[in-house]
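One chain, chain A, links the two complexes that follow: it is found with chain B in the first and with chain C in the second.
This part shows the complex of A and B:
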């Protein structure tokens, strides 16, 4: 496929780098409710998507996620108007209010709608929308097929199953068309669901499952399956790491719930569990005797993209220490202040627009 | 390599331990708004759901590595791929109408025939393939994959031999009834847990909002009211459509999958 020299250099950044960048940006957004900062995050993600996305089927995902984000804000506002929320002095209008009886939880529906409450609801919705938009940016930028190639080797079989699924899905569609044509040729054009089930769905599934057996025989005869490769000792070590990691994650999560364990201890337990789990997966991947055709290297540019995402999180952490209160402004009608450090961090996260712009704009039409 | 004569991936002791630990973690990840004690570390932090959405993929990956340790049979891999493609193909049929869920019935039937381990992996690969095909990898995906995996696992753990069809007509009817009632319970539990996982995030003020550290009594009634106001229609729709689909397509699909499982024993 990619036999033209220089094509590799023109490929976009690593999909793991894009996902890491987007998740770090979203983490920064989840640490604040300041509308300026949230809008800045949306603007930065939009800028990077416009500059760096390719011309692929998934590149339009960003717009879909923008719509989903707008819906989230609208739903949040509707909740506020119907079910009430923060009270405020500036009443915009009054809805007829109903108080549910005590046995039905005693909630109030309708009532006064204040400007402060509406603003608080809008910012709240904006925070959720920003998270969604960041994930949408990753969807638009990262190639799912390249991402599938970066799955750890220990998950080899599972990723092969997904690859099989991705290639079988179009075959299913063509199978439906073929079987419907054969059915029409036999003079059977009934449209009752029971008939369709018996004469279309069952043959398609039968065909697909039979084909899976043929595929399995082909795979087995070409030596798929790694049953013999991993010694029992290595497997025991892997399991020990994996189970310890899970145990740590569980213990940390439960410790976070209660008050008996101090918070730092609970957080470090959680982090240690996650570390052991990740190490276990890496260890298992090293033991799997599989080679890869054309490994997708994680280069300096990809690290720079990850770092720029980390700058956004670091900015919010700095702001939380240096200018407390600006990240979580009070719900008043006054214009909230802009946290400086966090804003600088988020602006730094726009760096991928310069680091990895779409190749077609740089090298001319393909 | 477990049993050479069957494509059903066996869940061994360490795999079972990993699944149990993952279930315990999933319970915290979804139900933390109800479980968090006042003054606990999670109640002060607003990033609880975000944190769990980031950690759930790690937990899922660990369980998948542990379940497939030592290699999975090529037949199981091929069957997983084909059934995941079917899941991805039928999923869009449920996207248009409110509460119509067309994924669970397949995962439940496949879990019944091919066993709990297969059901667990199919829940993950099916939803992942569907997300990749439609370009919709959202923050809800880790939760959905995790939940679908446990729906498939539970279907495999239901009593009675899953790989062979019951002999009598009554036995077949009883099996369908059991699967359909399992589908109702699983769909409702899925809706409630998923609701709970992002409830503190979706709404922060008002009479439906989560009270940080409010404890079980205060928050349970608020959660029920929130579910009633938002998603109960969807949850009931999901339960009814899944049970109906199982009742209607179950006999024929179970026969189909069992035939394939029989044919796959080619040694």
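This part shows the complex of A and C:
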């Protein structure tokens, strides 16, 4: 009703849908250590990012997260080689080992490095990398500014702070490119960490800080964070409600994840916390004196994107029941089997590539 | 409307405003002038409380806008009274879409949705943004962006609008768009406008009155009065002072009416003719193209230049000037074509060797500077360039006096920082020197000093290429002008004939006295004709 015809088609999918999709995909990845499945998740997220991202500053974030993921695998491998982990029969090579004192029993330094252990460490690192890549996909796909508009009014001011903090990341990416070009002008190609710190990191951070301050000043002068019109008492009640609700939510989540609390009690605490939070937010939202120019509708396509992410999780659940053992393959040198249900689920999660490909009208003339 | 009463503001270590008092009446278009670093931005930010709320510092005195006390409120509370437009519109955008950006302030103020839609539509029509209403902000031209920023500040219906250098980064055409939109606001809505700008020649004709900020004090008055004695004034005022015209006139139209006698006196003195530099070509570029995804920024540019030449590269924002400079230097991308500097292709060399052929000072000179002190920067530059110790410091001292060697490069004034970046670049002694938009943020004395420095460098055998929008700087500096449009060279020739033929790129003096480009030239011609046998 409030959207201009054709606008929904022009704009990308809802950012909440993208985050939901990416987190569901990450959930699916966290439920398995099967390398085929993890690689499939990475491939699917990459495909969707390439097809669906716009040309905004944050669209390049995916590549950065890929690099971070690769670093995670490398670090995990290095830890295995140095500190050990799962042991195996096929010894690749032996490092000189250090005998550690009594109190450090259970650790080793150096020693035999086995192929099985190395593989297990690699798969473990790959799992972490996959989770990171999923987050990267969400970053590349979802506009942080549009995400901000979908947050309940009561959380508005907090969410702006968060979004401004998030938007530093893409600024850093473009800042690094600019500073590196300038560095080449200086003829400075030194790669020592101290030199990079001084010539790249410090100027980039300086730049990002300057921009953030400029944005903060612009937002303040345009009325962000206005308290006008709301009596102090009502403001305090609002904050109290919000805090209580969020605390309840945190306590519930903690109880659920901990082992000490029985599951039913944890679930009910979580539900109560969520209820309090929702009530608090709803109550507070009515008191916040902001209006919305246009609400960002969550349409059928956005639901479909969420569902496709859900399919990946459902696939891993099905595989867990029907093909036990395939999700968590033994650390052997044999080629691990491919869990079929889970693979189908993850493939379904590629649907957004067809549902919401980038429209060309987003790029206007220069 | 905007009233300052005995306002004093100081940061811990230095005073910025000293007992400032003035009053801008309702519906006035008031211009704030002053040299770089005089505190113009600080004064503008006082109007909506960003100073001292955002910056800290000590303030005394009273500021009222439309009867509301500024010091008793926060900037956010004043959003419905004062609209503030900062220097870089892109840095202040909160959303990524034109319509939402326009509505943002109204959302913050809790304007009901129907009223908001009506207001946004009015603003879109008033500022001529109807064509781009549904676009993403990233896809707009710089002039459109600046108009969106102004519209976004106006949606809440403020009675005062404060703008900090709204046209400094714009090409002459885009600046005209923005200023005529402002002009309409003043006339149709009765908005009071307070605007600071270095490029006075662009804005003076739209303004009603002026404030001069100098040494922390403010002098208010009519435009002619204030500008006549000011350290910064557009060429038309300087010309009026030279010729002893009444007023002095601040617009081209007013000056032309009084110019007839001067034109007659000058008729006998021929315009100086500069012989084109001879010698073998230094830079030979042929068919240079630069492609970015979806757009060809530079499209087959041929350029040959010699030592001693001073070239101004002009054109609209986005016409490919920066991309061309970066491609010529060799660090930037080049998709096709050949570049040869003294017979070598800079792109094929290592960065360290490349900069001994061509030096580039980027649009943000601070990007070249890393050290904590000026002295440290100079030492690092000597090391980077394998120059003898003290070389960079000596070049810097030749370029500009009085730079504190212990100061942090970011604390220098714009002109000093540019000089430091230039000195760092020159330490490698490149014969070809490229500067990307060096005049942004420089006032008239700063630009004159830069033009003189670059002329000296050209006389010493460098070839200097500067990309700029600034027609007055081009008049003072350039011997040759190359105009780019959509990545192609559309005009290339002696500065005098190229700028005279284009209404967009003609300097003010040329518009009043055809054939003369700068006030200094007129003064020299007058001396010659007075001292001559006439």
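Here is the rule we use: the second predicted complex is superposed on the first by the 215 of 366 C-alpha atoms of A that agree within 3 Å, B and C clash if a C-alpha of one lies under 4 Å from a C-alpha of the other, contacts with A are read in each partner's own complex, and residues count from 1 in each chain.
Operating definition for what follows: a contact is a pair of C-beta atoms (placed from the backbone, for glycine too) under 8 Å apart; a residue touches a chain by one contact, two chains touch by 3 or more.
Given the structure is predicted, the values throughout are model-derived calculations rather than measurements.
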Practice task
Using the superposition on chain A described above, determine whether A:211 touches chain B (first), chain C (second), both, or neither.
Solution key: both
Problem - chain B versus chain C as contact partner of A:219, first or second or both or neither - result: both
Practice task
Give the label of whichever partner, chain B or chain C, reaches more residues of chain A.
Solution key: B
Practice task
Considering only the touch criterion stated at the top, classify A:293 as touching first (chain B), second (chain C), both, or neither.
Solution key: second
Handout entry: Partner chain(s) touched by A:27 [first = chain B, second = chain C, both, neither]
Key = first
Problem - Partner chain in contact with A:246 - chain B first, chain C second, else both or neither - result: first
Handout entry: Touching partner for A:131 - first (chain B), second (chain C), both, neither
Key = first
Practice task
Answer with first, second, both or neither: which of chain B and chain C does A:79 touch in the superposed model?
Solution key: first
Practice task
Could you say whether A:263 touches chain B, chain C, both of them, or neither, answering first, second, both or neither?
Solution key: first
Practice task
Quick one: classify A:202 as touching chain B (first), chain C (second), both or neither.
Solution key: both
Practice task
Enumerate the residues of chain A that count as touching chain B in its complex and touching chain C in the other.
Solution key: 57, 198, 202, 206, 211, 213, 215-217, 219-220, 224-227, 229
Practice task
Spell out the residues on chain A that touch chain C in their complex, using ranges where they run on.
Solution key: 2, 4, 7, 10, 55-57, 143, 145-146, 149, 178-179, 181-182, 184-189, 198-199, 202-203, 206, 211, 213-229, 289-294, 362-366
Problem - Interfacial residue positions of chain A with respect to chain B in the complex - result: 23, 26-27, 30-31, 57-58, 60-61, 64-65, 68, 76, 79-80, 83-86, 105, 107-108, 117, 120-121, 124, 128, 131-132, 135, 138-139, 144, 148, 152, 154-155, 157-158, 160-166, 168-169, 171-173, 197-198, 201-202, 205-206, 208-213, 215-217, 219-220, 224-227, 229-230, 235, 238-239, 242-243, 245-247, 249-250, 253-259, 263, 266-267, 270, 274, 277-278, 280-281, 284
Fill in the blank from the handout: chain C residues touching chain A in their complex are 45, 48, 50, 53-54, 74-80, 82-84, 86, 88, 91-96, 99-100, 103-113, 116-117, 120, 132, 134-136, 138-141, 152-153, 156, 293-295, 318, 326, 329, 331-332, 350-355, 359-360, 362, 364, 366-368, 370, 381, 384-385, 410, 424-425, 428
Exercise for the section: Please name which positions on chain B make contact with chain A in the complex. Expected result: 1, 7, 14, 17-18, 21-22, 24-25, 28-29, 32, 35-42, 46-47, 50, 52, 54-55, 58-59, 61-66, 68-82, 84-86, 88-89, 121, 124-126, 128-129, 132-133, 135-139, 201-209, 221-222, 224-225, 229, 248-249, 252-253, 256-257, 260, 263-264, 266
